[in-house]
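Please find the structures below.
Note that chain A is present in both complexes that follow, paired respectively with chain B and with chain C.
This part shows the complex of A and B:
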């Protein structure tokens, strides 16, 4: 098991370095360097080229490309991500500030889509060929076809603007921070974000369940005279669950991607809406670092999924 | 002993065959299966209606999608303006039709180019194996470890917004999936006996790859092209909705929806965003139906 994890890490780390290199290359290619961002445009004319060269020297900007890259990488590893162009706030501060909101939303969506998606998928598989099954299949298709933000707009119109049951956006009212004050804010963005994923989980768990129900051990269980619900849930569903768990792990990029748009629609103060603002404002360092961190999250998730599947299924770790 | 119903059915078919009344089945088996799939045919019909009305937009509407008419601002739908007019008096129906041209071009065009590049590389490196294969695989892994929309946003912020840039960016973010798929198919197909036969005849690698093996991998590739098209159309709509996709001066489905970011428009001027959203959803739904139908008709393991 340990060798498996080590081998897996040996693949992941060079990937991370290669991606950091590309991100750094992108940073270097974007217009302007650290010095040009530090100088107030109004006094730019009064600074002599010698002074500029001196400032570049002091910041180490005239070192070779690879030297600069290794210094930058060393800083990133230590958690020093550099500074945002607007306001000069440390990027790590911005991300740490925004991350809890994004995690809150993602975890809500992950839980919601897993529970609802799995249950609907299992119902669909058990009632295969019935009107319920066809209806759920079509609903699943609709779920992956309607743009998430459009669904979000309709939800805001109905539940926030017309019925007034839930707030249209934002995360917290100032001064209220108990769980029940937060809950109404997360319901709409959370459900909308999980829509697409629910549809995916449902379609996948339906076919996993059908596959599991056609196996020999189901017949064995039935011949033992077990009640039908026990056969389906305890014997059938447990085997169907493994591929579904893997799918959920690999769906993380979709979740991160989806949250970027949904956070903007609902003005949810997370990393995603920060990223959109940064792209709008051409805040290159911030865009690059958020992208790098998202890659990090994705690679970490796939590492965890791989280790989990290896734990469950010995064929994986030996293969 | 009475014959089972299945036996009787076979007897009937055999009788027909002996009488010479059974028509030889025409066309490919996959095509016939596709035609008998009801949802897939519904998909094809919706797809064609939307595609043709975008192509023949000038015949369907007399209005110019760009023409500002300040005397008819924010009109509700009427006979003259089927989907009403927007804040600067432009006809929304005309904008949806002409916008469809750009949105479909971006979605379908990027998916086809991505498929061309991804399949081109995947087929060759998958067949050859060795160092080229490892290098291509590592490069695709780097692209694919970015969540797609984040890679797209990153590239948009570097290159700036334009229609051409967006297509190139979509291709960059989408070729990896096609590459992976065609490579995986190639790895199993290259072990087939007919490939060994071709090799022993001294047929060149290029000919074996693209002329003899590739046609056998086309089924899943076509399914993937449809799914990628659907994904790109949703992505373009999302990006343009946020004002980061195609420049706002060009009408696209996403750009028309852009006004709905304003909650007042959302509540009071439903005709500005509801019909477009419905058209996008219908179009993507039809593409997904076609993709599902293609998968059922080309992949014998996906029955039921």
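This part shows the complex of A and C:
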């Protein structure tokens, strides 16, 4: 198991380096360099080219591309992500400030879609052909085909504005930060963010469950005189779980991408809404670093999914 | 009379309903299985052997049902009409695995790939015995050892994919025998295995039969296996038993043209390669468009008008019965 994890980590590292390289290349291709951003446009004319060259020299900007890339990479590995253009705040500070909100939202959405998606999928499979099954199938189709921001706006309209049950946006009010103060805020954005994934997980776990229930070991289990719940869950669902976990892993990037949209629809103060602000303000270093961090998050998530798959399927462990 | 019987099936009819068409997969089958004896069931593919077995265990697919007839299990506490029990209800579950157990054709797919073999055997013990977890573990190891699996302590903690085909079938038998069932149904238990392993599995089953007085229903399409292992034999064709009796009755004095054709179609060891092996002409009819009378008539060399009605079953002796309108005439000519 340990060698499996190590090997999997070793594959991840070159991928990370390659992606960092692309991000750095992107930064290089954006107009201007650090020096041009450091200078106030109003005084730009009073600075001589020699002074500019000196500043570039001091910042190491005249070194070769690869030299600069390695220095940059070395800094990134140490957590030094550079500075934002607007206000010159360290990017790591901004991200650390915004990350908890995003993690809170994504983990809520992940848990919701896994638990609700699997339960509905299993119910659908067990009641195959019944009205419940047909209704769930239709809902699932709608869920995967309607964009999330649309659900978001409709949800705000109905549950926040018309019914007034839940707040329309934000994460917490100053002074109100107990768990129960926060819960109402996360319900709308969390559920809306997870809808597409929930529908996907539901459809997939339904078919995985049907497949597993048609296998011969189910008949063996029944021939042993086991109760139905045990046959369906301990034997049927347990085997259907492996492909479902793999699917959840594949879909994680959509969750991370979706959070950008949902965070801005619900004014959720996370990394996603920061990204939108950064794009609006042409803050390239911040945009690129957030992109790099999301790639990192996706890779980390897929690593965790692989380890989980190996843990739940004894046949994978050898490979 | 019933006290030496373990299971008795009377006029059993099990039909499948697909696309509004009806497949009379088992169409009036009767037989008894005696305690400590082996009943062999032979017949071509598709003749309804597995459906008969599934009917006894109530393991039929949803689109099929018992149409008529009875399945009676003689338990220690009296007769139980299995056909009248709710399919997956508590009474049926109490019988499955504990009173009647089953071994399936393909050991590769019959075990759950994500649980250890030990866990899957232990599951039966958990639901049918009062043993505590430690006793159950010990019993699992004992069962695996009885089945001739080396290093049973280690093997119990391994997954089915760590087992070879022969070992998986032994594990299946260990699972089936774990609660000392009175009846063991083996549906082609060795079809997927090679010949040496086949012999080992059969030795094991014979040992279990003599030691535990288990009644065995052995489904196969191999007459050689029947000759070796069975005490009685029933020959099935298209949902009917065409001939049944003791192994001597049926193999030495076959009456039905189908039984004879079946016996003629197997090569006999030692007779050399010039021997006359006859295959049965034609193919089994479409199960949805069955002949009205004798099911075998379209392929039978002796068929006449008399065969257009379903023949009655006639007893040649206490044990030997045959369903053929013309068996007397044919027998004289032979």
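Here is the rule we go by: the second predicted complex is superposed on the first by the 301 of 319 C-alpha atoms of A that agree within 3 Å, B and C clash if a C-alpha of one lies under 4 Å from a C-alpha of the other, contacts with A are read in each partner's own complex, and residues count from 1 in each chain.
Note that a residue touches a chain if its C-beta (ideal position, glycine included) is under 8 Å from a C-beta of that chain, and two chains touch if they have at least 3 such contacts.
For clarity, every value in this text was computed on a predicted model and none was experimentally measured.
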item	value
Which superposed partner A:7 touches (first chain B, second chain C, both, neither)	neither
First, second, both or neither for A:127, with chain B first and chain C second	neither
Contacts of A:224 with chain B and chain C, given as first, second, both or neither	second
Partner chain in contact with A:235 - chain B first, chain C second, else both or neither	second
Touching partner for A:144 - first (chain B), second (chain C), both, neither	first
Partner chain in contact with A:216 - chain B first, chain C second, else both or neither	second
Comparing the two partners chain B and chain C, which touches a greater set of residues in chain A	B
Touching partner for A:30 - first (chain B), second (chain C), both, neither	first
Touching partner for A:264 - first (chain B), second (chain C), both, neither	first
Overlap of chain C and chain B interfaces on chain A (superposed complexes)	none
For the chain A and chain C complex, residues of the former touching the latter	215-217, 219-228, 235, 238-239, 242, 312-315
Contacting residues of chain A [partner chain B, same complex]	15, 18-19, 22, 26, 29-30, 128, 141-142, 144-150, 153-154, 156-157, 161-162, 168, 210, 253-254, 256-258, 260-261, 264-265, 275-276, 278-280, 282, 284, 287-288, 290-291, 294-295, 298-299
Touching residues on chain B, where the partner in the complex is chain A	138, 141-142, 145-151, 153-154, 156-158, 230, 234, 237-238, 241-244, 257, 260-261, 263, 266-267, 270, 273, 277, 280-281, 284-285, 288-289, 292, 304
Residues of chain C touching chain A in the complex	57, 59, 88, 92-98, 101-102, 104, 106, 109-115, 123-124, 127-128, 159, 161, 172, 175
